[in-house]
Amino acid sequence: MNPVRLGMVGGGNGAFIGAIHRIAARMDGRYALVAGALSSNPERAQASAAELGIRGYSDFNEMAVAEAARDDGIEAVSIVTPNHMHAAPAIAFLNAGIHVICDKPLTATPEQARELADAVAASKARFFLTHNYSALPMIREARALISDGALGTVRLVQAEYIQGWLADHSDSKQAEWRADPTRAGAGAIGDIGTHAWQLAEYVTGQTPASLSAELSSIVPGRSIDDDARIALRYASGAKGGIWVSQVAVGQENGLSLRIFGSDAALEWRLQRSEELIFTPKDGPARILTRAQDRSQSYRTPPGHPEGYLEGFANLYSDVADVIRGDTTHLDRIPGIQAGLSGMAFIAATQASSAKDGAWTQVSP
Amino acid sequence: MNPVRLGMVGGGNGAFIGAIHRIAARMDGRYALVAGALSSNPERAQASAAELGIRGYSDFNEMAVAEAARDDGIEAVSIVTPNHMHAAPAIAFLNAGIHVICDKPLTATPEQARELADAVAASKARFFLTHNYSALPMIREARALISDGALGTVRLVQAEYIQGWLADHSDSKQAEWRADPTRAGAGAIGDIGTHAWQLAEYVTGQTPASLSAELSSIVPGRSIDDDARIALRYASGAKGGIWVSQVAVGQENGLSLRIFGSDAALEWRLQRSEELIFTPKDGPARILTRAQDRSQSYRTPPGHPEGYLEGFANLYSDVADVIRGDTTHLDRIPGIQAGLSGMAFIAATQASSAKDGAWTQVSP
Amino acid sequence: MNPVRLGMVGGGNGAFIGAIHRIAARMDGRYALVAGALSSNPERAQASAAELGIRGYSDFNEMAVAEAARDDGIEAVSIVTPNHMHAAPAIAFLNAGIHVICDKPLTATPEQARELADAVAASKARFFLTHNYSALPMIREARALISDGALGTVRLVQAEYIQGWLADHSDSKQAEWRADPTRAGAGAIGDIGTHAWQLAEYVTGQTPASLSAELSSIVPGRSIDDDARIALRYASGAKGGIWVSQVAVGQENGLSLRIFGSDAALEWRLQRSEELIFTPKDGPARILTRAQDRSQSYRTPPGHPEGYLEGFANLYSDVADVIRGDTTHLDRIPGIQAGLSGMAFIAATQASSAKDGAWTQVSP
Amino acid sequence: MNPVRLGMVGGGNGAFIGAIHRIAARMDGRYALVAGALSSNPERAQASAAELGIRGYSDFNEMAVAEAARDDGIEAVSIVTPNHMHAAPAIAFLNAGIHVICDKPLTATPEQARELADAVAASKARFFLTHNYSALPMIREARALISDGALGTVRLVQAEYIQGWLADHSDSKQAEWRADPTRAGAGAIGDIGTHAWQLAEYVTGQTPASLSAELSSIVPGRSIDDDARIALRYASGAKGGIWVSQVAVGQENGLSLRIFGSDAALEWRLQRSEELIFTPKDGPARILTRAQDRSQSYRTPPGHPEGYLEGFANLYSDVADVIRGDTTHLDRIPGIQAGLSGMAFIAATQASSAKDGAWTQVSP
């Protein structure tokens, strides 16, 4: 099948997440990266494009117009800029009829989110959000199990995403814009809290109705949240909790999800990403692996560890299917709804925390 | 050394925790069980005493008086009755000058707790509370590490105690009185929440200043809490969380403690009770074992698993040392203060939850 | 039920395994230790007896005669001397009609083993061997699963017992006699290899027909084996391996057993002694716990870790049952046959290794 | 940097390892696959090439000549055929001056291996062998630690590679040729035993001097080894063991390596491929992660799991460096010597097993 012609906004030399998206696009041979506005700095943009051997642009608006006009123009674009720079390029490409694959969280502000949602609604092109963890095979199997009723009624949901890399003040490029409220919009809750939120929502199929949040800035002098504890109430009566931290010393990337139902429980941890523990109420725990993953979201036999990059690639390949006309798996790709839900999560946590933890409705 | 002559109140035939206390007392050969008021039912009390070959009493008041009067009377008594029956016998024996080893939580009500505290203050005998988990060797080492400053400033404290055994209505003897507010005083927060609270307090040396709680009765028709999520604020600025559940299907006894400081972190789980994970900020995690436990709270070399009963026995043997005049380790045995703190925890969670999670001061 | 009156030979002040046996005897309240010849040094023997408050003897022969003559004499005796001193006292007590509970391995030489076996055959008293690991609940469940056919035909058996405590020359009392061929009879293969051998034999119900062994003395200057690799052939066509080491630096007590059948597999590790991994051929691994142990060899609910001492106590309590007339569980207590099998294992490994690994028949 | 122009022999539609090599080549954007003789069946070869959009050949000899003659001809070729078809194409491309990246084991017979080694010696092109596991970051760090002397003298080496997928007769394409002695040359020892052998050799820097092997065909009717237990003697006095099985029911891909030195130990398992346990003699075990990997053989921060495909890609990218003139990491890429060593391992195990386990010299 013809590779999808792909562009990229952001992701110039030295950028972390841009390089990840490029690997994900390459992994299964479904994309050809051909154009990019890789930096807001024109010189860096051109140099980075030259290094990758692709058409370089200094401006994403210009790029959207030019690529839309070419016969061999890009069919999709990856947006891998900092959060506050998601909405504008995404809207530009959507308006130009080019599919958008956007990094999370959706935007830095609710206003940007609404504008972007309007653009998605108005466009004939599609919008995808790279909540990569939800494309891991054992997460897809977790979702299938709950959807099949294997847990009975979901009663308790516990998600954690704890890291230690911001335990001190840092001047790395990645750390710097994340700590600036005007560019990031939110701290830990935006950067990784939205992953935990989306993962719980994706797997359970339920969005919490309200929450009570305690946002903290643990590192002295930091002006943005670096730790958050959030209690959740579901309309169903289920209860939940999210713990997010970027000052949990020694935690490299501690994402986990535990769900307890009336009949069985599920437990998953990113650091054991190929295992899903399923425990029925009256029997021993079972260690499910890809041998049990009905979505077959992998390239190698069970026991040959796949991980973070492969999860990202699962998303990219699903998107390629959709672009090539196969929408079989469209419903498992996060899109604008997941993005709006994440923004509602951020808004509700900030509102609740500002009111000393008052229970606050989540309004996606 | 002469074994300590021990009595017991509660713990008749078929009782769970009474049998545990007896094993703990026997383990190191430091006690001789010689008397008991093993049941509130006189016939069952006598039958149980006969079976154990000890002096039997039908009434703990009578027992306290009679034993205090004997030359070979008991030196200490274990109180292993349901929560609402802790205070009265404890006070009776303290008044009789007999040391008391009491199961947790302290009492069923704050009023009982205050009366008991007064009796402790007035008695020449000592009062001990069997928060057994805090006597495990790796927990003692965790406490020593924090006390030594190995974690720097404590920033985050996360304790969990989740079980699944009350996921359904149950008619077992153990389940029954625990689900009755008048006899238990509290549900999951009293039964196991106090363990989590005490463990965090014991290891960090800090008591949270205030908390915000969400108590739930997940199982339809249950009138007492079976799940609780509690956010903690420490006077130092540290934050914390406690999650307690008895409806977490498949969890046999999921007690864990994670503490993150400015310089290092600690992680411990009961199901890996012989391991303490210590992770310095800039180096790999280290799996500490009893080979690193400076308290030497064990009987066998590292690698020969000890566990729950040995933890209980550590407490009993420490108490025996104190009774025989060696107070070296007095400060590591939980007593009336730990009990009052646990009662303050229960009161604050109930008050906060009743006010929809309002932050509530903890007043031990 | 009346406690069994117990004596002890060896196990004086400072001895490791004697203290363990005493805890095991005390744990369930089934024994009263009343007499002992606790040391071959008469003064130390009397001092140790006085400290324990029991009748002291300087000589085990004298003790056997004297105790047999008393109305309140011991009913059973624990032999906890070094290997070369097992046979003589065991025979003396058996001849006196007193039950013997003997530490492993059976003896230091095949000659001693034969004499002891004759004494067992001739005595009306019983002989028990404390292969304690085989009394752990998950090991008993493993045996039940294989006996029930849950694994299909056993094909592969892999046992390991690796420790690091003899990685250097040591002058501890425990290390010293173990490194002396005349007192220990064998090195690592006797001390811990017999545990691995017995565990595999106990769980599978099969004794290997022949073996090929490579015994090594890794530490320079050591005259006894401290590492052994042994290949096994079973009459059934199954194959197996045993790896034993006492120079595996960092291994505290690495005993494990893995068994693969035509239909399913079992895996157990002492360091996770409460878990038994059962993996059917066509399904996910299951983590069995004491909730699945049909032998109910425990005192506390699943999730309350029991371990090494409780395993020992399981044996002692089973022996007490037998002595009190309940032979229900007689077949699960290792006895003279297990001891002779272990001696045959030692003899065959030494013979094979001396012939450069030639396959050698095992002749129990 | 210009991508390396790559060809492929074998790996047509449906082939397992060919697809893996293609992903590995794509992952880091260092290769462009442009030509292939993808099947020995001409029609399938052309169809597979067309599907991949590359130049298709029906015959690898023809391909070698034609590509060598083109200005834009391939610079390197991947050989991903069954074992008995490695030597002929590898020799053809080496003779044509084209670099060869060959799947393991080297060949099906010692004769083929010698011819291939001669061709490597005579060619100006280079030869690489894809022992992919040795390119995982924690394995590279393990090698660096031993090379640095962190373990002291290596004393014990234990490697395992156990799988369960051939526990029954199978008619899958992958299973079929592997079970045919004429095409595979060896069974489990060739397919996965060579991985274990190479991993131990790579990490320790030592090749065993002699071995004693017990090869088995466990599944009734199978004519090739499916289980092997091998004892190793090193010239240094170190001892070792390799256990290989393809009938270990429930094991998906159980590759592990444990090394014990005089000062410290290392432990690594593929199923926890991102962790390397380092245990110094007198301190706690340390869980090394990519944060400690000095080779920086990864694309993402520690905690973002990489695995099997990334290990393969590490090799491919190292090879691309060499082809582009950067030989910094040449010594960490397995080549003809690793291949010959693996063949010597196979030959020695077969010879030893045929002589009932007689110790047999390994002659690479």
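Per-chain numbering from 1; labels A, B, C and D assigned in written order.
We take it that contacts are C-beta pairs under 8 Å (C-beta built on N, C-alpha and C of every residue); 3 or more make two chains touch, one makes a residue touch a chain.
None of the values given here were measured: they were computed from a predicted structure.
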| item | value |
| --- | --- |
| Counterpart interface for A-D, drawn from A-B, B-C or B-D and sharing over half of its contact pairs | B-C |
| Comparison of C-D and B-C by number of C-beta pairs in contact, larger one | C-D |
| Rounded Å distance between chain A and chain C, as computed from the means of their C-alpha atoms | 55 |
| Separation of chain C from chain D, taking each centre as the mean of its C-alpha atoms, in whole Å | 43 |
| Centre-of-Cα separation between chain C and chain B, whole angstrom | 35 |
| Per-residue multi-chain contacts in chain B, two or more chains | 251, 285, 289, 291 |
| Contacting residues of chain B [partner chain C, same complex] | 16, 19-20, 22-23, 26-29, 163, 165, 251-254, 270-271, 273-274, 289, 291, 299-310 |
| Chain B - residues contacting chain D, complex | 278, 283-289, 291-292 |
| Chain A - residues contacting chain B, complex | 155-156, 158, 164, 167-168, 212, 214, 216, 218, 227, 229, 231, 233, 237, 239, 241, 243, 245, 247-251, 260-265, 279-281, 285, 356-359 |
